[in-house]
Every structure is written in C-alpha cells, then in structure tokens.
Amino acid sequence: MARYERILLTGAAGRLGTELRKGLAPLAGKIRLGARNAFDDLASNEEQAVFDLADMEATIEATRDCDAIVHFGGASLESPWQTILDANIRGSYHVYEGARKHGARRVVYASSVHAIGYHEIEAHIGVDAPVRPDSLYGVSKNFVESLSRLYWDKFGIESVCLRIFSSFPEPADRRMLWSYLSFADCIRLVEASLTAPRVGHTISFGLSDNKVKTVDNGGASHLGYIPRDSSEPFRAAVEARTPLPDPKAAAVKYLGGWFCELGHPDDEKPNP
Amino acid sequence: MARYERILLTGAAGRLGTELRKGLAPLAGKIRLGARNAFDDLASNEEQAVFDLADMEATIEATRDCDAIVHFGGASLESPWQTILDANIRGSYHVYEGARKHGARRVVYASSVHAIGYHEIEAHIGVDAPVRPDSLYGVSKNFVESLSRLYWDKFGIESVCLRIFSSFPEPADRRMLWSYLSFADCIRLVEASLTAPRVGHTISFGLSDNKVKTVDNGGASHLGYIPRDSSEPFRAAVEARTPLPDPKAAAVKYLGGWFCELGHPDDEKPNP
Amino acid sequence: MARYERILLTGAAGRLGTELRKGLAPLAGKIRLGARNAFDDLASNEEQAVFDLADMEATIEATRDCDAIVHFGGASLESPWQTILDANIRGSYHVYEGARKHGARRVVYASSVHAIGYHEIEAHIGVDAPVRPDSLYGVSKNFVESLSRLYWDKFGIESVCLRIFSSFPEPADRRMLWSYLSFADCIRLVEASLTAPRVGHTISFGLSDNKVKTVDNGGASHLGYIPRDSSEPFRAAVEARTPLPDPKAAAVKYLGGWFCELGHPDDEKPNP
Amino acid sequence: MARYERILLTGAAGRLGTELRKGLAPLAGKIRLGARNAFDDLASNEEQAVFDLADMEATIEATRDCDAIVHFGGASLESPWQTILDANIRGSYHVYEGARKHGARRVVYASSVHAIGYHEIEAHIGVDAPVRPDSLYGVSKNFVESLSRLYWDKFGIESVCLRIFSSFPEPADRRMLWSYLSFADCIRLVEASLTAPRVGHTISFGLSDNKVKTVDNGGASHLGYIPRDSSEPFRAAVEARTPLPDPKAAAVKYLGGWFCELGHPDDEKPNP
Amino acid sequence: MARYERILLTGAAGRLGTELRKGLAPLAGKIRLGARNAFDDLASNEEQAVFDLADMEATIEATRDCDAIVHFGGASLESPWQTILDANIRGSYHVYEGARKHGARRVVYASSVHAIGYHEIEAHIGVDAPVRPDSLYGVSKNFVESLSRLYWDKFGIESVCLRIFSSFPEPADRRMLWSYLSFADCIRLVEASLTAPRVGHTISFGLSDNKVKTVDNGGASHLGYIPRDSSEPFRAAVEARTPLPDPKAAAVKYLGGWFCELGHPDDEKPNP
Amino acid sequence: MARYERILLTGAAGRLGTELRKGLAPLAGKIRLGARNAFDDLASNEEQAVFDLADMEATIEATRDCDAIVHFGGASLESPWQTILDANIRGSYHVYEGARKHGARRVVYASSVHAIGYHEIEAHIGVDAPVRPDSLYGVSKNFVESLSRLYWDKFGIESVCLRIFSSFPEPADRRMLWSYLSFADCIRLVEASLTAPRVGHTISFGLSDNKVKTVDNGGASHLGYIPRDSSEPFRAAVEARTPLPDPKAAAVKYLGGWFCELGHPDDEKPNP
C-alpha cells in the first residue's frame, strides 16, 4: 500500500534526484518529477513538472495535489550570491508556499553539512548545535531550516531537513571516509523521513555507518533511519592514493572540509 | 547457579507476571508468586503468597525470606483514584516496607511510560528528565520512583524502576511500532536488572530494539540490557490496517499516546 | 486592584500560614482561611473554612468560588506514614480535585527542600534535577509535584511548587545560614507566584538572598521573585554558638540537612 | 577618546535609530546616518548616506571608510515576503558585503526576539538555543544571524546580533512587563557591543533588568552589558488597565507574543 | 572568635601572600608565615616557618599543628621545567602530605586561570570544564587540582582551588579589564573559602565584579564569595593608553592571554 | 602501505607492550621498542632503544626520527610517590619533549580508568567529565592528560589519551565483566588512534563491547574504534566463583574499583 498519493521530487534530474526517482517509487502512487527540463523516459508511476524554482507561480503550481514534497532542487555547491538567492532562498520559499497553499503534509529537504561546516570534528555536535555555515550555500541551508521550522510551528507542515554530508558513488578522499553517505543509505534516509509516524520539524545528519563518527545524530533517532553501508570497503584504496592530512588545516579540522577554505564566490564571478 | 534464594513476584497472575513467572525461574532457587487468588499449577521451584497489596500486614508478610522482589502488581491502567491509591500507592509502600523489614537486597519495579507520558517524542528525553505523568496511574508510578529512591539513599535497598512502554504479544497500532517491548525482551530486562553488579537506584526505559527510537536509555546502560526483538516484522501489517496519524494529535505527539487524551477517571466512575 | 477574587489559604493557622494570612491580603478581594479549627479574629477581608484535608468532600467544598489556592496545609515535618498519607497525599489530591471541579486558575503549593534533600550541596542542582527525597515527608512533596504537573498538562490548572528551605524567624544553626528564607521573602515568593503572567507548572526553590548559594533557581526566574533578605545579619551570632561542622556528615553534605539522618518514622511511632 | 573613526548607522530615521543617533555620538569621530531620505538636521559629528538597502551598489558604497556598522535598518515588523526579501535579506547581505569590501571591523545588528519567538517562556532558553522564528520577519533575522556567523568564521568580521525584545518608550501591555528594553538600556547594549574587547560572533538578548526573566543571557556576558532600567515603575498602571492573561494562549505561552498568532503576511497583501 | 587555631600561609612573602598576611588575621589565632627567608616584622599573632617547598621533610614539618593551609607558594609565572617540578609539583605534594600527616582540615590553593587558559572567552566555561593549560605553569596547577581532589575523595581533606585571574594593584591592560581581581576581593575569596560550611573539593574562579564576564562561576557559589570591586574605575585610563586589540590574536581570543603566545620555557633557559 | 615511518613504543616489555609490539607491526616501517632492558628477539621490522624514562636525555634521544610514539611505559599500578614522580610524571614529560624536539606528529598514551576512578558507575560520565583520580597513579595520568593538551594547543602535537580499564587475558572478577578490554580490542584501539584522520587532543575510554556499560565514549567516536570482543563468554565462570558484591562498597560503587580502597602508597613503603 502506498503511503502517499503523490510526491513531488524537486531536483529530479540531479545526482541524488536521479537516485531518489527510483527509490521513492514504493512510497507513493505517483511521483512527480520536478526539473528545469523535460524527461523523456517517464515510467508509468511518474509524471513531470517543468519549472524553474525562481518562478514563484510555476513552483507553487508544481506542488498542486502533492501530499508530500522531497525538495532536492537548487544549487548544490557554493555559488554566486544571485544563484544562491534565486535557486535556494527564493526557490525554497516558493516550495513551502506551495506546500502551504496546496496542503502537502510533509516536506523532506536536502540540507547539508555545510549548514554547520565550521564546527570542529572533535566537538561531536548534535542536531541542535548552533548553525555555523561555511559558505553562502550553507547560509541558504540555514535559511530553509529556519523557514521550515516556521511552517511547522505556525502552519502545521512537517519537515525533515537532512544535512547530507558526502553522497557520491564512493569516497573520493580521506575526509569522505567519515563523511560518506551511500546512495542506498540516502534513499533509506529519505524513506524513513517520509514514513516515520511523526516528525514535526526534524533536523537529521545524513551519513552511512562509517567507523569514524564526527557527529551525534541521536536527536533524529525518531526517524528510524538505520544505515547499512559504510566507507570501510573503500578505505585501503583511498589511503593508498592520498597523503596523511595536516591536522591543523581548516579542511581537516572542520566538518565542512574544503568548503571552509573557499573564498567568497562573488570575488571571481563567472562570465554571464 | 541461582543468583537469589527467593524472589517474590507480585502481580504474578497478570499479563507480564505470567511471562515473568517463567522467565525468572533460572534466577532464584524459589519463586514466590504473589497474587490475590491462589494458583493451582505451582511448579516445584514455585510457592505462592495470596494477599491484597492494600493489606499492609499481609504484604509485608509476603516479603519474608525474599532477597529480591519483582514488583509488577497493582493497577496496570488508568483507574479511579481509590484504586490507584490502594493498589499502587499504598500497595507499593507496603512492598518497600516489607523489603526494609525483611532484608530484601533489590527490588525491580514495573514503572511505566506513563510516568513521563507528556514529553514530546522529538525531545528524546533521557531517564533523568523531569516527570510528566499523563494520568493518575502515571502519578502513582512517579510516587514509587520517588519512594524507591528514598529506600536506596536512606535504607540501602537497591531498585530498578522499569518504565515499560507497550508490552503486548505484538504491536497493535502505529505507536506500538516504536513503543513495543516484546515479552522476551521484557524478561531480558528484568533479568539484567536482577543480575547487574550494582544498580543503586536506576530508572530504565523498557523497549525492544525498534527502528524508531523516541527516548535515550543511555543512563541505564549499566544494567547490561540488550534487546533482541523489534517491531519490524509487524510493520507492514500494522501500516496496512491503520491510517496515517495526525502529527498534531496528543496521542501522536506525546510519549504517553492515548493516555494523554483520557479524561479524569473519577468523572465516570464504574458502578461498585 | 485585587488580582484574584478569592484565595483559599490552607494551613492558615500554621507557622507560614499565619504570615501569609497577612501577606496575601493585597492580592485578593477575600482570603478564605482553611484550618482544622475556627479562627476568632477574622478581618473584614477574611472568611474561614474549617475542615480536615483528609476529608475529600469537605476539602473540595472549601475550594468553591476560589480562583486561586495557596496550599500550605498538611504535615510540615517527617511523620508516620499514615499521617503523611492522609494529610499530604490524600489531602493534596483533594485540594487539586477542588481546583479542577471549582475552576481555580492557579495553585501555589508549599513543597520543600526535602523533595530533593539527598542531593549534595556542591552539585548546585537546578529545579529540573531528578527527585531525591530524604523522608516520607519528601516523598509526599514529590507526589504533589507530580500530581500538579498532571493537572497542568491535562486540566490546564497552573501551579507553582515552592521548595521552601528553612523559613523561620531567624537562622538557628550553620546550615540555615544558607538555607534561610525570611518570612518577608516567603511572602514575596508567594506573591510573585500569584502575579507572574504565566507559570504553567513551575518548580522554584524558596530561599532568601544568602551569600552561600547551594542551588540554581534560574529555571524559575519567570516568577519575578527577588529576595531582599539575607542570613548575613545573623551570621556572627550563629557561628559564635555552634561548632565547626564535619564536612562528611550527611547533615552537612546534603541539601536536606538533618532529615537525611532521621530513621524511618514508623519505627518509633508516637502513642496515639 | 573616540573608539571608532566612523560608524555607519542604518535605519537612522527609525524608532531605535533616532535614539542611537544620539547614543552613539561618544563612540566615534563621525556618525554616518543611513536612511532612505535625507536628514536636514545633521550635527557637526554627523554625515549622511541616502540609499535603499535593496540597492546593492549604493549600500556597499555607504559603508566606505566605516570601521563599524550599527545595522538597524530594514523592515521592523512582520511584512510581505517581497519586503522581507528586499529590505532584510538582500539588504543585510549588501551591508555585510560592504563591511567585507571596505574593511569594517565590527557590525552590531538588530536581530529580534522573533528569531526565537516560538520557544516557551518557561524554557529559559540561552542564546545558543535552536532558532524558532515566529514570522517571516523572524526568518529574516535568522538569515542574518547565519550570514554574520559566516562573515566572522571566514572573513574575520566581528558581529553582535542583538535579539531585541520590546524597545518602546514604555511597556504597553503585560507581556512587555518582562520583554521591555528601555531606550537607554538599548543604547547601553549597543555601546557595550561596540566596546567589548572581543566579540567574535555573539548573539545577545536585549532586555532591561525586569523582574520577570524568561531567558538566560549568560552566553553574552562578555559584552559587559549591565541594564539599569526596569519595567517595575510601569507595572501598576499596566496591570490596572489590562485583564489577566490566558496562560494557554500562544501570545502568552511563547516568547514571541502576538507574532505567534499572526497569519501569513502574503495572505492579505496590502494594495500596491 | 577565631575560626581556626593556626593557619599556615605558604608564599607569605609574595605579592598576594603579603596581602593575605594581613587579611587572614581575623580568621585564626595564629598565622604561620611560610617563606624561604625569615621575616623580621612578625606581629604578635604571627609565627614563621622558613623552608623550601622542594624540601619534603621541612615542608611537612611546617604544617604541624595547622588546622588550615593557605597554599600560595611556588613559582607564580611560566618557568623552566625544573622550577615548575620542584616548586609547584613536588612542593605541593609536600604540602598535601603535611596536611594528611598533621591533620589539617582544609587547604586553600592558589590555582590560576592558566589551568584553563586555552579556552575561548566566548565559551563562558564553568568550573567543571576540561582543563586546557596554556603553559607548564598551568600544567602544574592542573596537577594540584587533581592531587587535591584525591586528597578529598580518599583522605577527607577539603580543598578550594582558586583559579586566580589577574590580581594586581590595578588593571594594566585591556584584558585585565575583565580579568582583574582586586587585592581586597582576593582576600574576600580566601576568607569565603576558609569559612564556608562545607567545600569538599571546590574549584572557583577568582575575579572581581567586572562588567565584562568571560566565565561562569556558578559552580562555586556555595563558597559565598561576593566580590565588591570592579575594574570600571580604571577603564577610561586603560583604554586611553592602549590600542584596540586584534580579535583573532591568541592573547585576545583565549582566557590565558599572553601566556598563550609564550614559547616553551626550556628553549631559553636562564644561566644557572 | 605503512602509515608511519617509525613508531617508538615505550613500555615494550610490559603486559600491554608485548601485545602492541605485534599489533603495531602493520602500521609503520619500523617499530622502535623502548624498554629498560635489551630485547634479544628483535624482528626485522624492529629496533630497540634501551633507556630509563627518568633519564631526560636518553628518553629524548630515543624519540629521534619517530613520527609517532605509543607511550605505554612507566609504573602501571599504584606506587610510592618517588616512583610515580620519576617514571610517570618526569618520564612522560621527557617523552613529550622528545616529540616536540624531534617532530613526532602524534602520541598515543596509556592513561587509565584510575584518572577518573572516583566517579560512580551510574553517573555514566563522558570523556569530558572532571578528573577524579583514585590514587597517585591516577594523578600522574591526569598530569599527562593535561601536559598533552598543552602540547597540542601550543605545539601542534596530536595526542590520544586512552583511559584503559582492565586489559588482561580474561576477566578475573565481577567488576571486570564491565571493565574488560581484550588484548585484541586494545590493539584495535591503538590502531584507530594512530590512523584516524585527525585527533587533535582526544581522550577515549578503553573498553571492549561488554554488555554492562558504565561510561559514555561518544566524545571519542571520531577515532573510529569499534570493539569486537566482550566479557560475555567469561560471565558464567566468573559469577560461579565470586560472591554477589555489596553495592555500597567503594570497590563496587566507583569506576576505579579496588584502587578506591587502597591506602596511601607511602605509608607502607617497600624496603629498598
């Protein structure tokens, strides 16, 4: 039995969106794929909504008849302010307004480790630690975490904000040995977020069961997320091809890794 | 080798008492079954004590020669004040007086989730959280938790207060998917409480290893209780036959579930 | 302008009740003095209710038409179980039932340091620390703290539980140099409890502004209680007539003082 | 001796800006008054910058040669999204970009109680509590708190975010009896924020020394702010003209007061 | 009436010892002045003990017949390892052995801010924070804090470890505006440590009532220490003659100030 | 691929050193065995350094060319002060000076449960709890924990301090049922400490995955240590041959076990 009638998946063409498109299938009668370009390979349980998150009207319209939204769209890396503003800040506001106007019950949002990237790894922060963004990208994640809190407290829309660490096919460097979230675990985490009996407003870290643990996700254990993967099978190869890190380097010291060493994105604007 | 010479089990004819009667056998030379009516199926390692907890003298007498008491007797649901007073408040005082007068070393007490039923599930409270009873029944559990603390600090009698969530043959609704304590795990928990090297005064939650976790039992990990069961095998069936819950309903929001929605038990007293 | 129409004061003939009788006058149009014996000196703003707290019907009746209750009645020292049960446990239940049935908005309850008497003074506990009663008297205080929490969460009746330390005309020993609550400060504390805009369910310590501070009352600072007295004027005299204490003695180590060294009250019952 | 050469004061024509214009005078050689309209009463230590915060270039230009910024501009109440976006989100980004490009050392920002308005008053939160905005206005305050954290951690610009409660000539209702910040104390708070030896990134509540205290500002005590005013002189008058509040009402229960009862500002848009 | 019969004051010829020599007079019948050289100005209530702390036998002998010890001797600045070892580590062990062998009840020890010098000022640590010494000197203070804890838990000798910040005639730089401890307040603090009814093992910060507060001394409030002085009268002069500090400098960022910027003392050993 | 070029292992002839000699082999090109006597069975990947820890010059020399140090040397039990001073305090200072002078990156140090031995088992302390040594031996462990903190904060040398509980071939008594650390897990713990990407200054408890858990090691989970052994296989035998413990005995109540019941080691000095 499907848990939801129709789930809108934003960012459906993205790296994680592509994975979720498959993973969400059992959870809803219909998956609506949100993206800026049309898909030409829709399955029978899929439909699409082509729109830009910066377009308020179109975004709100895309949420019609959806009882859940998995919001993974927007810029997924540090970007110039105007991009962050349009895609992540304004875009997410449009998504939440859609949820409010069209009665979605629950939103699962792709927040990021970069929302708390300037905390030190030995601090073992929990999900309630004060925000410490490491980039404009991280600031935009804090914005949505705050906005979604309002939409729960005032408008009764549940949200799970997933602070995803490093979700890639496999760990690419030594930091990912602890920050790795396998695609399969990412799907498990979204599924848990959609099916937990009550989430209210929940912030959860998104990590596989790696040996080295740098945060405490106890505050989200009501989601029922149990990771099954680990970076361990990749360890030997990663360590063989990468040098010992400098423990005083910002990229090693802080949760956010190399984002902490980036300059301001508006200082080297790409040509239009 | 038996750990105790004689354990008194109160409430031996009740739902959990019936299970414990079997489970406690390896832990003592003799199990004394306490109940209001006689048993006609005593095993060779069993003896009985027929008494009403409201009767001070009889209750104290029933504790004679017992070096441990597993106190699961009394009202097990919200009940009129007079019942709560006699069976749970006065009755438990009698049990502790028996322990004090006859030298029992340790008491394992069936407290309840309803002792802290008005905490929200996202709060992930630990065993030290302030009490928030959801019923007169819950208030009586707080009373015994307080009383047993006194009997440890002043009289040296160890106690473990087990805040049992939902111990039934199987999960009956969506809340029980996280509040389930299997009978086998309940026995494991009582066994751990009886055999841990030192418990002093310990409060522990009583839950199986369900995926969704709503409390933090770290403060009781010196008991050595390791659950082996889970509600997971029952999930599909429960979800198939029950609707999605309303996240704002008291029965969903709070640990205590539907107890939080009960009125006052004295407003509709049963006929005598 | 009076804040309440009619306040019931239980224990009106007691040590603190006598002080409160005067102190509450500005806060209500009428003060109803609750006691076991009649007063013969009623002021024009006073009326009386003669009843025993153990009598449910009479106690409930005494709360009629009161929009606030200052509940200082019952046993004020360690006492035999039957006394504690009747006067403090059953009696307080009757008071809360009266509040519920007759619509009182707020109850101010005389809890006690003995509700948490077995905490060490260097622990600097806050109002949320787990209970550690030092006597049956303390257990009864925990009972009412739990009961009043239920009556707020479920029935919407606000309560302030005042854990009064040592409220006497002046400090009698070295412990009272830190545990002293002057009568005037006691009145200030009850007044603050009655006039604070919202108290929900609040537990507050009751102490004057003594130099030596052994607890942290920050969790009750929404009451707006500002003590103005101190034990300092009495220090020299107390120190002159009392020896240096033994830091390892229970009466010195724990908040509850000599209550921690009392035996069980039922072991030496007074003659009837 | 002036501590700063030139302070930019945004919102200089606003309610608090008008007060600060006077209060900041001793702290800098020159005060630059930022507003949308020109002033015609500049003092000799004053200069002006006329600009709209939504104009990035103009805002950045206004920060030139300022070694400190007191950023009190933008919408000061719940407002339609477009206003919040332009004046508070984009506008504040422009201010921080100005600080970064023109080398300001420190920014003092007018955040608000509405950044954490959905916390209950009995929770006594500290400055590190998770955000709980009560309005889009509050969300924009969280945005700047996050942005300024980034500008400290990455770009070394110090910030103090002042969560001002109710800064008005005098308390207007019962809630303001605890939420009152006198104009004189507001100036003291900004002065402390500008002169403390090191602030890094500091969040501080903004309150006078009212008797009823609902938050714990200990985490900001390195600012050296000592309030000297209180709502006490206004209490009698306020209580005389306002009824007893309902303790269960959102406006009474939560720090944010009546903001918690507002609907969504875009539902009743003012005519253009 | 004297509280102690005889107090040994080590370091009696030092900067603080000279002050304490006067301040302790009312607290004991006799003050024994411990120093490496003889005094020629003994008052009638004074006697002396000339010894080197590195001499175990002599140090133990100096504690004979003392019921309290105020241990302010040893190196008071960062020093070569051999000095730290002899004067602070071995010397303090000798003092505690003296206390144990000759039955002193209580020791007041001059620990230092440098025991926790690497904590950031915005962290507002309490007395229970993990140690973070900023020098070998600070390590030796941690050693004595640990040693004295053992002597309380195992041998029943009470200790107060005073983490003195900057106790000088007046604040010499901007850091001292918050780290200042006046001589008079230093005496008050030692007096409180000697007269509090029970101290067990207490760690307390040593600070006057300066406006800027960087630590939380709540955990030591059972000492009853109330500072009466402040750096405020010195502020204008200090600010006039010292530049604005760099908020990123170690000497500004950390509690320990310039000790955090010292190199290793053995790298530039003084000639023998 | 080896992670380190050369590891110095002090205490290489001791109980744990003998185990580590084998366990460290895969982690470095060369293991230098430090001991007071020569080995006659050096493997090809081994070399030796014969020295006494009390000898500063020799100890520093022994660290030459080592990029990591596993410091397990010194007294491993309560010992007379002079032994503790020479072997554990002075000796460890020499090791850290060697690390500083010869550029070792990381030190793994054998601290001990006796550094926090006077905490109660029900307290479930974390690695940040205040120290409570139960012996001079424990005080020396606190000394090195403090010293190594300084060498990280000021000199950039990483350290892991392992508070080893009971590392023996098998559990010898009931306490070891929870304090057991198998040799294999001990090696796993040292290996994790050497290979974790960044440790800064980390304190970790050293325990196998025993059922009864008395501490919370979450603060060290960035080490990536996953124990695989447990005391469970030994339980039945241990319980069969040892009586039920007295819950009020110091050896049962506190983490440190029978060390808490030892007298002062200098009171019964062994003959020279």
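Labels A, B, C, D, E and F are assigned to the chains in the order they are written; within every chain, residues are numbered from 1.
The criterion applied here is as follows: contacts are C-beta pairs under 8 Å (C-beta built on N, C-alpha and C of every residue); 3 or more make two chains touch, one makes a residue touch a chain.
Please read all numbers here as calculations on a predicted model, not as lab measurements.
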item: Interchain contact steps from chain C to chain E (minimum; 1 if touching); value: 1
item: Both-way neighbours, i.e. chains that touch chain F and touch chain D; value: A, E
item: Of E-F and C-D, pair with higher C-beta contact tally; value: E-F
item: Chain pair equivalent in interface to C-E, over half of contacts matched, among A-F, E-F or A-D; value: A-F
item: Whole-Å gap separating chain B and chain F, where each centre is the average of the chain's CA atoms; value: 41
item: Distance between chain centroids, defined by C-alpha means - chain B, chain C (Å); value: 31
item: Centre distance in Å when chain B and chain D are each reduced to the mean of their C-alpha atoms; value: 52
item: Chain C, residues touching no fewer than two other chains; value: none
item: All chain pairs that touch each other; value: A-B, A-D, A-F, B-C, B-F, C-D, C-E, D-E, E-F
item: Chain A residues touching chain F - in the complex, by the definition given at the top; value: 120-122, 124, 174-175, 177-178, 210-214, 216, 239-240, 244-245, 247-248, 252-253
item: List of chain E residues in touch with chain C within their complex; value: 1, 3, 105, 156, 158, 192, 196-202, 218-219, 221-226
item: List of chain C residues in touch with chain B within their complex; value: 81, 85, 89-90, 93, 97, 100, 118, 128, 130-136, 138-139, 142-143, 145-147, 149-150, 153-155, 260, 264, 266
